[in-house]
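The data blocks that follow each hold one structure.
Shared between the two complexes below is chain A, which pairs with chain B and chain C, respectively.
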Partner chain A sequence: MDVRTHMSMIFHLDKCIGCHTCSVACKNLWTDRKGAEYMWWNNVETRPGTGYPTQWENQEHFRGGWEKKKGKLDLKLHSRLEGIFKLFYNPSLPDLRDYYEPFTFDYQNLFNSPKKNVQPIAEPISMITGDPIDIETGPNWDDDLGGSNIYAKNDLNLEGLPQEVREQMNELERLVFNYLPRICNHCLNPACVAACPSGAIYKRDEDGVVLVNENDCRAWRMCVAACPYKKVYYNWNTGKSEKCILCFPRMETGQAPACAHSCVGRIRYMGVLLYDADQIPKAAEVSDDELIAAHREMILDPFDPKVIAAAKENGIGDDWIESAQNSPAYKFVKEWEIALPLHPEFRTMVMMYYIPPLSPVVSVTEKSLFRLDLMQEDYDFELFDRLDAARLPIKYLANLFSAGDEGIIRTVLRKLLAVRIYMRRKTVHGKVDSVSRKTLAEAGLTEEQAIDMYKMTTLPTMEERFVFPNYHREMSIEAMLDPLTHKGEVGLGYIQQPKRGE
Partner chain B sequence: MDWNQFFFVVFPYISLALFVAVTIYRLVYRPFTQSSLSSQLLERKRLYWGSIPFHHGITWILLFHLLALLFPKAILVMNATPLRLYLLELSGFALGLWALVGVVVLIWRRLTTPYIKAVTSTMDIIVLLLTLVSVITGVLTASLYRFGSVWFTGVFTPYLWSVLLFQPRPELVEPLPWLIQLHLINNFIILAVFPFSRLVHILALPLDYLIRPWQLVIGMRDRKNS
Partner chain C sequence: MKIRPKIWNSFGGRSFVILLLCVFFLLLGGCQTSAEPASQASGAGQDLFESNCMSCHTIGAGALVGPDLEGVLERRDREWLAEFIRVPDQIILSGDPIAMEMLAEFNNVEMPNLGLSESDVEALLVFLESSGDIELVAEAPLPPGDIYRGEAIFAGGNALEKGGTPCIACHSVDNIGFLSGGVLGPDLTKVYTRYGEAGLAAAIKNIAFPTMRDVYVEKDLSDQEVADLLAYFADVDTGGKEDTASGASTIFWGVGLLGAAALFGFMLLFWSQQKESLSDRLRKDAGITSRRHS
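Entry: the complex of A and B
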């Protein structure tokens, strides 16, 4: 057992209102620079939809992630030798137009325009060439466009859904969509690291953050193509790859990453997960239907004395173990088993998890629409037993979060519904009846767990949502350096300006 | 000092000194500036027709030049049979033409595509023009002064070694036609420009990728179990 630690984020999709505050916080902090305008290290997608960059899940086109070749796990992008030959031109690299052309507006024209009979306008101009452009797309162009013919209908996760269900999802009265915030998944088996010919990308041992060493990056841009989530970006100005750094300078000082900290719906949780690195190769190779089980198996119980002993042998301090015991991530992923990885079939072993959305709370019956949040208890139970009637099809969620396995999604949704039913009895009726207890039992939860889940979902404090260990930066390599080395710098500023090379 | 002395003795040493000293300085102290500066993200169709022919052509040609410098006897032995000589000459000529097509497309792309203009520096254009001169003089030499792979080993190999060993023998290249001399001088200019331009990306050719482990983990913990 090779115990290691990882900082994991949980996205509670039921609570996401799609406001993009996370994206804006990230943009202001990290990517508000020349060459990085088009990058959204954090973005929010409307689902069903085509996402950003457009159809990023289409791995036949972009060739991201891993696949089994002759029984061995290999990069879908290239073999090592192919990688060298594709340095000059990489056919799988997304084009700028797959993201969008960054634009601004010519505001000066409002002031400098000569006197005319018409109002001056601020024309849209490209942030790359400075020429006027027609804005055709943007990072969230499909925002809230559930049911649209160009966005929702082209979502690859609709594969395997019966035609009538697909059509139903596009009917005006029955439109359905949910939000999917995405950051870098800081995978355990990252394809970007494996694809980088220069070896410039690496994973930090302590917290698992995957980082690009920009001094080593040589712009071969294989990482951009190899990441199945398209979360490594190429800075066209500096000629270096960039990606989400999980706000490690904030985490090291005990603050949540900007996206999580600014979240209006408080959908994000963060905490330490202990995992067994010895199990990664096996867990990445199992067949599709065993992926989630193998992934959960790999996450270790921080209360198990054997795990604690092995962790200490690996140099993991008591405070990290204690932090792992208080981690909300552990509760959601392992204890309650309601948080799932996004697209586990890409086999990069992601470490950010999603609680699939139960909402929209309106579902369809034969007669008419009916609402789950009304006080008619029968409906609750009807949906509990007939999850297939849910407006967001189970199969769709399964394609997103469980490699197509509907059983796993059903189990998760039944747990979430059971807690909702139980708490409604408790708070509205003032007492818990046998029926709601039975529902809980059927979903595989105890009353204690239900109350914990309810509290962690609806009432957590900031300290309960974000549990950070002490990073002990005083122990790090910087402590050995001359403190004046970095004098005059601000934060993690560069010793040399990140200027484009000649 | 006559011109021959300058171009074939003094200038080679200036360019070699710049090449070695500035390149080392840049790689060690300015690693951020070393990048292939790919522009595929901004424009890909013309790049396809420019980058692939140019890079594949020029890589093989440079490799042949290097082989002739390091193993001149092997080249001569290989050329002993006319058929093998013709094949070598023909493939060299074809690769040269291929690289020429590529560099012309790349120049056209850089000068006419608005997206590429946005990331073009003066040095980029200088490098492309120098490369164009090198490829054109090279291809012309190959077609006008046959058979290069034979006389290269008798003229250029000893001359280049004499420069590298600090016993320059300019008399070896002085009698050559001006076209071949231009090819030589132009390449010394490229060598001088090398560390100041994007050409340093040649040294980043990541051959260690063939053998390194897939995953890289860096940390400060002392792990016992792995």
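Entry: the complex of A and C
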């Protein structure tokens, strides 16, 4: 057992309202620079939809992630030999049109326009060329566009759904969408690291953050193509690749990453996970239907004395172990088993997890509105027993979060619904009846667990949502350099400017 | 979504075309090496004279490639001389009457710009003024030369003793090697007539041309090698035609450009099959014509 620590984020999709505050916080903090205009280290996608960059999940086109070749896990992008031939021309890269051409508006024209017979307008201008452009797409172009026949219809996760269901999802009164915020998944088996010819990308030991060393990056851009989530971006100004850094400077000082901190729906949780590095190769190579189970097995129980002993042997401090025991990530992923990795079939072993959303069903209780084909008697149970009637098809969620395994999604949704039913009885009806207890038991939860889940979902404090251990940066820094090197400096801007070719 | 195998879409096909292009441009680039201009070592006038002037000039031993410099300061105005030593190419270009007269007298061999600084020139002038008192070492006579060895040295078949670059890398003579040699330096077919035996020997032995000096620093030719080269130059001088290399380089450029055009033409066949942006494709499939790219 090789115990290591990882900072993991949980996205509770039921709570996401799609406001993009996370994206804006991230943009303001990290990518509001020349060459980074088009980058959204954090973006929020409307699902069903094609996301950003458009159809990033299409690995036949972008060739990201891993695949099993002759029983061995290999980059989907290329073998080593192919990599050499493709060094100077990598055909699997997304181009700027796949992202979007970043734009702003000529607001000055509103003030400075000469007198005309028509109102002056703020013309859109490209942030790259500075010329006026016709905006054709954007990072959230299909925002709230459930049922759009360009974007929603081309969501690859609709694969495997019966044709009539797909058509239903495009009908005006039946269309449905939810939101999917995405950041770098800081994978345990990162394809970007594996593909980098310069060895410039690495995974930090203490918290697993995957970083690009801008000094070593030589702009081969293999990482951009190899990342199946398209979360490494190429900065055309500095000639270096960049990616989400999980706001490590904030985490090191005990603050949540900007996206998580600013989240108005409080959908994000962060905490330490202990995992067994020895199990990574095995867990990445199992067949599709075993992926989630193997992934969960790799996450270790921080209360297990054997795990604690092995962790200490690996030099993990007491405060990190304690932090792992208090971690909301551990509760969601392992204890309650309701948080799932996004597209585990890419086999990069992601360490950011999603709690799949319950469908928006409440509106159907109004009689005048279109009512789904549900049982009339007791709407509490209408979905619990008939998950197939959910407006978001189970298969769709399974394609997103469990490599197509509907059983896993059903289990998770039943747990979520059971807690909802149980707590509604308790708070609205004033007493818990035997039926709701039975529902809980059927979903595989105890009453304490249900109450814990309810509290962690609805009433958590900041300290409960974000559990950060002390990073002891002063100790790591002392080992490398004089800790007072940058004393008195403002801490803004570059210590060393990234320079093309260096 | 299925990807049809096409040559241009397969990594091999695309890489092959790009590799071909790379090799082509590398070859093209390899023919055009350039040397950095020499940086001047300052020193006493005599050192400067020995390293820069002696290959073409004598003091009191008669004209070589250039005039005998004995008493030159009595013949010429000091300021003019200083300027001429510093930037002879510009003076010749400006059509200075004295320079033109000398150019005609010395077989149209221009004195090269040696890149001397003003202080170097001053040191040289001081040396020339006092040169009556100084004895210069007399050159030993050269051994007999062999035409074939000379040709081999020129073409690089025989390596130079101290590892210097063979002449053909930069110079051409009539009918030698592939494309008659390089075009960076001047054509040497008629160099024997232009410089004369003694002048040419001195020029090769004691290289003063700024471009060549750096290449042959500490790699000077032995007396035997100089003699062989002289014999060879004397031989080509009698029968050869000048400037065959520039004709050859026209062919070279022609072939190169045609080859490039052929390669680009070949690439044009695949141009329309470039990978389409996914978002463009989605819009097109939905019947929305792009305003930018249509």
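As a working rule, the second predicted complex is superposed on the first by the 460 of 502 C-alpha atoms of A that agree within 3 Å, B and C clash if a C-alpha of one lies under 4 Å from a C-alpha of the other, contacts with A are read in each partner's own complex, and residues count from 1 in each chain.
Note that in this section contacts are C-beta pairs under 8 Å (C-beta built on N, C-alpha and C of every residue); 3 or more make two chains touch, one makes a residue touch a chain.
Small disclaimer: the values here were computed from a predicted structure and weren't measured.
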Consider chain A as the common anchor and indicate whether chain B and chain C clash or fit when overlaid.
clash
Which partner does A:173 contact after superposing on A: first (chain B), second (chain C), both, neither?
neither
Of the two partner chains, chain B (first) and chain C (second), which one does A:50 touch, if any: first, second, both, or neither?
second
Using the touch definition from the top, say if A:95 reaches chain B (first), chain C (second), both or neither.
both
For the three-chain arrangement built by superposition, which of chain B and chain C touches the greater number of chain A residues?
B
Does the superposition put A:463 against chain B (first), chain C (second), both, or neither?
neither
Where does A:78 make contact in the superposed view: on chain B (first), on chain C (second), on both, or on neither?
second
With both complexes overlaid on chain A, does A:193 touch chain B (first), chain C (second), both or neither?
first
Should A:474 be classified as contacting the first partner (chain B), the second (chain C), both, or neither?
neither
Touching A:498, do we find chain B (first), chain C (second), both, or neither?
first
Chain B and chain C footprints on chain A, overlapping residues:
88-89, 94-95
Listed in rising order, the residues of chain C that touch chain A in the complex are 1-3, 9, 11-12, 14-15, 18-19, 22, 275, 277-280, 282-283, 285-286, 288, 290-293
For the chain A and chain B complex, residues of the former touching the latter:
1-4, 80-81, 83-84, 87-90, 93-96, 128-131, 189-190, 193-194, 196-199, 201-206, 214-221, 234, 236-240, 277-278, 310, 313-316, 475-477, 494, 496, 498-502
Okay, in this complex, where on chain A does chain C touch?
50, 53-55, 58, 60-61, 78, 82, 85-86, 88-89, 91, 94-95, 97-98, 100, 133-134, 136-137, 149-151, 154
Chain B contacts chain A in the complex at 30-42, 44, 47-48, 51-52, 54-56, 114-115, 117-119, 121, 123-124, 196-198, 200-201, 204-210, 212, 214-226
